[in-house]
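Look at the two complexes coming up: chain A is in both, with chain B in one and chain C in the other.
Up next is the complex of A and B:
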């Protein structure tokens, strides 16, 4: 401890080690995004005339605005479903023994590491006209004709919720693990019931985890191109597919760039709102 | 009387939470099981339960050369992107992990930002940059694009492993006369290796499964597996894809089991 300068020397590494990755990001991450911004500020595909035409087009076009709106709404619905289903998993995790804990984590983790196309494909098998749900309901005589589940908002939300569930559950498990279990007992011994203890003690103290989970889930759900396009089908259009169509099929790169920038900004706004809430809640939780 | 009301109330809470948790766990695991079962069907459709069981679609998979080609490309890109991510990411993690300076925090945010930004927008941006500088799309451009979106996993896991490292160990090593390089090789690296391996594993899986970046940076000559599967599914519901999904699910389960042994993956992701 006496040799403070020397000890700092051996326990940390120079910032120079970050230079290769920083340069790599400068060339292949920052530069492309700047070029995207630059191109979006041009009115023509040859990028000769500067202007805000692409943005004006997007913001005055009811169709574009409805695509943006439905994408943001989809993210909110998926996040809500994930929170409602994910929280009890995290709660159960804290109640069971180490063996079951590992099993729960692996069940939660596996989908995260399984291919998204595979997971989405599974939902086609489940939700399709001949799928499990329709076959079961028909054999039970509850319905005569198959329900339309695929290519509906309900289908997209439930499939996306399953695909993104690990992103919500893992931070929740971490957050619930940090709560002092004595608080639970104290609340109960002071006369509060289990529901009240949950709402007044557990929920507020787990807010940092809730917010971290919501941020990750939301950001992932609105950009989930594969699940949105395969389960949503041709009639439902969300921002990622809209962007892809404009860029690839129509080759309208300036408009596609503007869509990208608007989409990026929308994600950034949502993430920073969540981050601010997270910072506030951490102050609250720590008090 | 009051006591009984309390236990009833507590019971109702536990019951609701447990039931919802079990339903959620079933929803998480069911789709993979369903695909696994359907992939062994003897019929031509994705009907569940299958009319009979056979390995015919797995045999069919043996001859699906388009899928083989795409799988080979995906594997090559994932291996290179993971290697590059480990070299660049571990070095960067060493630099920023214990540094409280503003530049270190800013770099940390920069390196993490591909995780939250829509990857599709980055894919388009990368395509435009490569075409501006006259670079044809190839396996190289795919490796570069994938590295950008995979390196955050390596950085995050390595930083987390370094945070667990006792600084006194490094001081002791230095006091005993070890050089910095020797200390790194014999003390630091062995202690953070599980973290690096866990990060590399997640980076590899996310590269192998990447769609948004590959979508823009590949062409017919550099077909990638998830894109190939997606396009096959858009066209028709092929049972061969179910067999391929079965292979991928089993491979993932096996890899996760190995990683759990080697790195304690589950503990790592909840701390």
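Up next is the complex of A and C:
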């Protein structure tokens, strides 16, 4: 609040200060994006003939569509795993003492403090044929031949879920922390069991956090080039790697650009669905 | 009316609670509340009154003792099966549910169908005089309205006991009186046994049939408002409830009903032994309320010098310094023309009656 009664509109300050960042974005984000769009609207690799051929090619090619589909599915699976595993952690965080809170937040943040490459290689060590899981199960006599964990969808989902977990847990912790603990007690004193309290009170009020967490996790999971490629290996192909192959290996820049634009639109659709849900849930007040 | 089921009794039987650290929160509390009574749990913050409320509601399991509601020992029951209605200090309305859904929440938990719930919610909202608010969200209501909704929500489950946690603390002064009247009215309609937790003595004395004064986790006194105010059993009650002058002295002679005390301020007075048996020669603290002191013209009472006089509307308060250097306050009703006392005037003071001076054994 300004002390002067006739203080200027606060928005008039911000614009000038945001200019450097805006210029940076204009040159290094908006301009390349427009260039990408321009490139994708050409039918030949030399980008001489205008046309929608690249888009038609992608949308009529079953292989390309299956890559897109499996990428979006991967994102959904990782998001689901993160939500199911992250919610209890966030819930627990709000109900333990300060010392345990520190430990939980440390565990949650730890993945962010190590490089993605290191974490992914750790998962290779864990999931590999001679990895920790297989070695343990074999020495216990539970299995005879090693399980195939690496280079599978399952492996990619597990590794991505661990890597992206903070993106889910942190918004959830914030959202759950905003809920008045008295509401829990009020619900309970009115005769509701813990399940009803969770479904009717805690879950709806934490929805803004759920949606923020899901959006972040989803966007991060489907674009996680390193983890997808290293854990998925050669057999599993997702959009980032597909794009990379077209651009880098095959030098087919217009097609790679078209893939980017389609991928971008697909992600935008999913994210806007999430944010629409978020806007609806904001009607709940969020406290 | 459906609520008029007569309140159930509540017995707090030798309840003690220790924090995990080992510190005592409440110690050996005994309360025997008759069905339909309004009881105030009065005490300064940190005295354990909220802990006791949470024990009765079932949110805290006490270390020792029993809670008995009606004929049932409820210690083994979780809060959602005790049928105890609570109005929280911040109301704790569910912000994402409409007023009607808030009021009907407890009924939904009991599996009652939607049409009945809405009908019942509407009836209760009429009871708390908010019939037109059913479809609004809590944040669209004022503080006083939110509290009425919280009351309706708690009453909807037809609770055996109603617990109110600092119900008027968040309201401004005018609204506070309205809500006190409102709660009294609802209590008359429903006849529900009601426990009000408060740190405000006026609230406790005006609302409650009986007041339980808590200090440092112990029950200091449990009695009617006039018992607590006029016949305090402990020094703590005497000084916490109402204001009081504390005057040290020595017992000259004492029996069960009266004690002759020589005040350090320099007078012999007759006082009521309030906190148990007094022994001759023992040190005592005599409590006399400002309104129970009078100026006397003869040589009885103790001498003092007027420091300043504060006209507070209906009363005038004089601050008097006694011979031993301690200050006492004297409150005079403003009848006709009040004597204007000049600063530095020599006066003599005496209690209005022996029963209005309470002598407690001095604790060191």
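Definition applied: the second predicted complex is superposed on the first by the 270 of 287 C-alpha atoms of A that agree within 3 Å, B and C clash if a C-alpha of one lies under 4 Å from a C-alpha of the other, contacts with A are read in each partner's own complex, and residues count from 1 in each chain.
In the analysis below, a residue touches a chain if its C-beta (ideal position, glycine included) is under 8 Å from a C-beta of that chain, and two chains touch if they have at least 3 such contacts.
Model, not experiment: these values are computed from the prediction.
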Query = Just chain B (first), just chain C (second), both, or neither: which does A:125 touch?
reply = first
Checklist entry - Looking at the overlay, does A:193 come into contact with chain B only (first), chain C only (second), both, or neither? => result both
- Task: Using the superposition on chain A described above, determine whether A:111 touches chain B (first), chain C (second), both, or neither.
- Result: first
Please work out whether A:238 is in contact with chain B alone, chain C alone, both, or neither, and reply first, second, both or neither. neither
Exercise. Mind working out whether A:255 is in touch with chain B, chain C, both or neither, as first, second, both or neither?
Key: neither
Between chain B and chain C, more residues of chain A are touched by B
Exercise. In the superposed arrangement, which partner chain does A:201 touch: chain B (first), chain C (second), both, or neither?
Worked result: second
Quick one: is A:180 in contact with chain B, with chain C, with both, or with neither? Answer first, second, both or neither. second
Both chain B and chain C touch chain A at residues 188, 193
Counting only contacts in the complex, chain A reaches chain B at residues 6-7, 9-18, 20-22, 24-25, 28-33, 35-36, 39, 84-86, 88-89, 91-92, 102, 104-111, 113-126, 128, 130-132, 135, 158, 161-162, 165-166, 170, 173-174, 177, 188, 193-195, 198, 215-216, 219, 222-223, 225-226, 229-230, 239-240, 243-244, 247-248, 253, 256-257, 260-261, 263-264, 267-268, 271
Per the touch rule, the chain C residues reaching chain A in their complex are 57-59, 78-86, 88, 90, 92-96, 105-106, 108-110, 137-139, 153-154, 156-157
Counting only contacts in the complex, chain A reaches chain C at residues 180, 182-183, 185-193, 196, 200-201, 204-205, 283-287
Contacts from chain B onto chain A in the complex sit at residues 6, 9-10, 12-14, 16-18, 20-25, 27-32, 34-35, 38, 45-48, 87-89, 91-92, 94-96, 98-99, 101, 103-104, 107, 110-111, 113-122, 124-129, 132, 144-145, 147-148, 151, 155, 167, 170-171, 173-174, 180, 183, 202, 205, 208-209, 211-212, 215-216, 226, 229-230, 233-234, 237, 241-242, 245, 248-249, 252-253, 255-256, 260, 265-266, 269-271
